[in-house]
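Consider the two complexes below, in which subunit A is the common component and subunit B and subunit C are the respective partners.
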Partner chain A sequence: MNDSAAATKQMKSLALKSGATVVGVADAAAFDAHAPAKHRPADLLPGARTVVVVGGAQPRAGDWVATSPWVLSTMGTTERIQGVGRRLAQAIESELGHYALFVPPGTASGDTPFLSLMLAAELAGLGSRSLAGPVLNRDHGFMYWSAVITTAPLDVDPPDAAPACPAAPCREMWEREGTTPCLRVCPIDAGGCLGGRLEDQRPVRTAYDAGRCQTRVHTHWVGGFQKLLEETLNEPDRERRKMLVYGDFMTRTLWAITYSSTNIAQCFECMRVCPAAHGLREMR
Partner chain B sequence: MTFFRLDPTVYARHKDEVLRLSNSFQTIEQRGLSDREIADRLGLDERTVTEIRVVAERDCYPLDEWERAIEFKRKACADWAALALKRPDLKEP
Partner chain C sequence: MSVTEAVKAVGLRAGARVVGVASVEAFRAGVPEGYRPEDILPGARSVVVAGGDGPTAGAWRCPDHRVMEITGYDLRENVAIHAMCDHIERDLGHYAVQAPSLPVHGHEPPMSMMHAAELAGLGSRSFAAHIILNPEYGLLYYAALITTLPLEPSPPLTEPACPHPGCVAMYKRIGTTPCLRVCPACLSGTVRDARIETSTYDREKCHSRAQTYGIGSFQKALLTLVEEADAARRHDMIYSAFFTRSIESLGFFRDSIAQCFECMRVCPVGRKHRKLK
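What follows is the complex of A and B.
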């Protein structure tokens, strides 16, 4: 085994022991064809060679069938997989002696991330884009991602050859009804976010309303706070202002923001109905 | 140095085009442009484009759409629980 193969094996083993469900390595240069400048690995870490991506921390079966939509939003435990990413970054520097940059989970400006973690997962061979949008792993479905950019010359993984989307039940539903579970629950032509079709058994997205998706995914987060703050500032009546500030929307939003690492994602409806995102096992 | 303030008329003139070109609204087939690339294309400076994009991301829908989001999730979640748990009584009317 050569040096890069041994180092890759060492880091992947550490990732799995630290709690990752899957781990892969992407070529840093592969981002150039897909991501704009300032959002590529070498823009964040000069001399970047590879990107190590870990996935995991999926919701449990009980979370998916909870009757309150707010359960999944508080179970979106991205910090669990971020902890694995941070540990990997530390190990790459201390054990391999190469620079390692943990990709910050926040945004660079507005809603734009420093680096697309979904793109990183795809390029590391850990999954592919679903018709609904999120990258799905063919064995584990929907999961959270974290990534470390490094100057270490690790062995790169090939792209995923067997996409999870569309799942067999979705192909059957398309043949039968001309729609899929995700398109039916959130249809763009009926006030939702998604438009698409299956073509040669492959997902083809034809429309996506990112603005509306934002209102659902970040209902009680930065966007919701800004919208309600604007409404409050525009309200001339003192008592009416008080109702807005003390009301459920503002209160829930402030709780979510102050626990932002566990409350960022707040809409899972396209994934809740997705057969590829989570297996609906028979549970007692 | 004074605080950067976006001119509302500049915002109104360019917001749709900036959003359409930006990486905020990603599509699978086509990569979005960086703020610098959009600035070059529209003849604006990068800081102005960044500010237009960030404001426009939040300006897509009025507050009412946030309320609709709550209702959408409440209903979709209840409907799925009813189906998955085989409990029709959980379904929202």
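What follows is the complex of A and C.
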């Protein structure tokens, strides 16, 4: 085994032991064709060669089948997978002696991430974009991602050859009804967020209302707090102001901000109905 | 392996970069009554301190300053402290608590982690905002536990980490050091006989620069918002990048502790660990 193969094996093993469900490596240069300038690995870490991507911390099978929508809407978090990313960055530096930059999970400005974690997951061969939007892993479905940019010359993984989306039941549904579970649950022409079709058994996305999706996915969080704060300050009636401040919406919003760490979502409907999103393993 | 070594090994395995031990008696000279370890845990005998890594060397090299502003922390020292507490209570049968380190009045914590790290032989105060520098790794973040378990105290540092020999040479040549030169607004000091002779820093000025986003910026923005009579201006302020980031920093505590690192960026202590391939 050569040096890069051994180093790759060592880091992948650490990632899995630290809690990642999947781990892959992308070539830093591969981002150039897809990511805008200033959002490529070498823009963040001069001399970047590879990007290590870890996936995991996804909702469990039990979360998906829970009858209370509050399970997913209050418990989903990217926190656990980011811990793996941070640990990996430290290990690359202390054990391999190469620079490593944990990609911040927040945004550089507005809604723009420092580096697209979805693109990183695709380029690391860990999954492919679904008609609904999220990158789905073939074996485990929907998951959260974290990435580390490094100058270490690790062995790069090939792209995912067999996309998880569309799943066989979705292809059958398309033939039968001209729609898929995700398109039906959130149709853009009926107040939803998604538009698309299957073409040669491949997903082709034709529309996505990101603004609408965001207001549904993050009903409680930073945006929810800002909205309610404005409403409270605009409210002239003292008693109504008190109701707004102590209301469930404000309370849940504050919980979401302080306990969610870096991400929490309140709408999972396109993923809830997706046959590819919950992994291949059948639960009893 | 001695009990002390075993406890340290648990901390290192859990992610601490360094672990040291101080006896509770060592705190009496410099800590007022009411703030000593035994005032927090009755019958306390030892304080175990864990130092965790700060930003990675890669983060220090990032040309986008926003990366360091919102990320770079692992805070594994807290995990290491909890792992050692569990080991002490479950396996050794002694009380152990994480030492309280968040401020309860102004900037004052119930127990100083900086002082605990010094007494545990892990580092010494520097010119740079009096940050404790570990002689090997430089900037580390510290957490501590207090226990009734008697442990072998770590020896004190034989040489302070600051000033670094390179800084002493610079001071001889031009009368300043890298940190004093990069931030004359917050820092000042003198070197004599290769030791810190005097050192002062403007904590309030430093605080307002180091934490431009955080609880303080949220409070500041909130007061401005409440006092703003014009609804359209309030709307703009609420949805501004500054206020949004301030709210995010409340939630992303570990991702947004400080936004200014300049005195540490130029510090040579521990630099060998920041020069990689």
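One rule holds in what follows: the second predicted complex is superposed on the first by the 275 of 284 C-alpha atoms of A that agree within 3 Å, B and C clash if a C-alpha of one lies under 4 Å from a C-alpha of the other, contacts with A are read in each partner's own complex, and residues count from 1 in each chain.
Following the convention adopted for this analysis, a contact is a pair of C-beta atoms (placed from the backbone, for glycine too) under 8 Å apart; a residue touches a chain by one contact, two chains touch by 3 or more.
Note that the coordinates shown come from a computational prediction; the quantities given were computed from them, not determined experimentally.
Colleague: Sticking to the clash and touch definitions up top, decide whether subunit B and subunit C on subunit A clash or fit.
Modeller: Verdict on subunit A: subunit B and subunit C fit.
Colleague: Of the partners subunit B and subunit C, which touch A:N234 in the superposed model: first, second, both, neither?
Modeller: After superposing on A, A:N234 lies in contact with subunit C but is clear of subunit B.
Colleague: Now for A:G97: first (subunit B), second (subunit C), both, or neither, which partner does it touch?
Modeller: In the superposition, A:G97 contacts subunit C only.
Colleague: Contact-wise, after the overlay, does A:K38 reach subunit B, subunit C, both or neither (first, second, both, neither)?
Modeller: both
Colleague: Classify the contacts of A:T179 with the two partner chains as first (subunit B alone), second (subunit C alone), both, or neither.
Modeller: Neither subunit B nor subunit C is touched by A:T179.
Colleague: Would you check which partner chain A:T74 touches, where first means subunit B only, second means subunit C only, and both and neither mean what they say?
Modeller: In the superposition, A:T74 contacts neither subunit B nor subunit C.
Colleague: What is the contact status of A:G191 with respect to subunit B (first) and subunit C (second): first, second, both, or neither?
Modeller: The first partner, subunit B, only.
Colleague: Counting only touches as set out at the top, which of subunit B and subunit C does A:S109 meet: first, second, both, neither?
Modeller: both
Colleague: Touch check for A:S4: first (subunit B), second (subunit C), both, or neither?
Modeller: neither
Colleague: Subunit B and subunit C, closest CA-CA distance after overlay, in Å?
Modeller: Nearest C-alpha pair, subunit B versus subunit C: 6 Å apart.
Colleague: Take the contacts of subunit A with subunit B and those with subunit C, and give the residues found in both.
Modeller: In the superposed arrangement, which is not itself an observed complex, subunit A uses residues 38, 109-110, 226, 230 for both subunit B and subunit C.
Colleague: Would you mind writing out the residues of subunit B in touch with subunit A in their complex?
Modeller: These residues of subunit B touch subunit A: 22-28, 31-37, 50, 53-54, 57-58, 60-63, 65-70, 72-74, 76-78, 80-81, 84-85, 90.
Colleague: Considering only the defined contacts, which subunit A positions touch subunit C in the complex?
Modeller: Interface residues on subunit A, with respect to subunit C: 38, 43-46, 86-87, 89-90, 93, 97-102, 104-106, 108-110, 114, 149-152, 222, 225-226, 229-230, 233-234, 256-262.
Colleague: Give every residue of subunit C touching subunit A within the complex, in rising order.
Modeller: It is residues 15, 53, 56-59, 61-64, 66-67, 70-74, 76, 225-226, 231, 234-235, 238-239, 241, 243-244, 247-248, 250-252, 254-255, 273, 276-277 of subunit C that touch subunit A.
Colleague: Would you pull the subunit A residues touching subunit B in the complex into a rising list?
Modeller: 33-39, 64-69, 72, 109-112, 116, 129, 185-186, 191-192, 205, 208, 210-212, 214-216, 219, 223-224, 226-228, 230-231, 249, 266-267, 269, 272-273, 280
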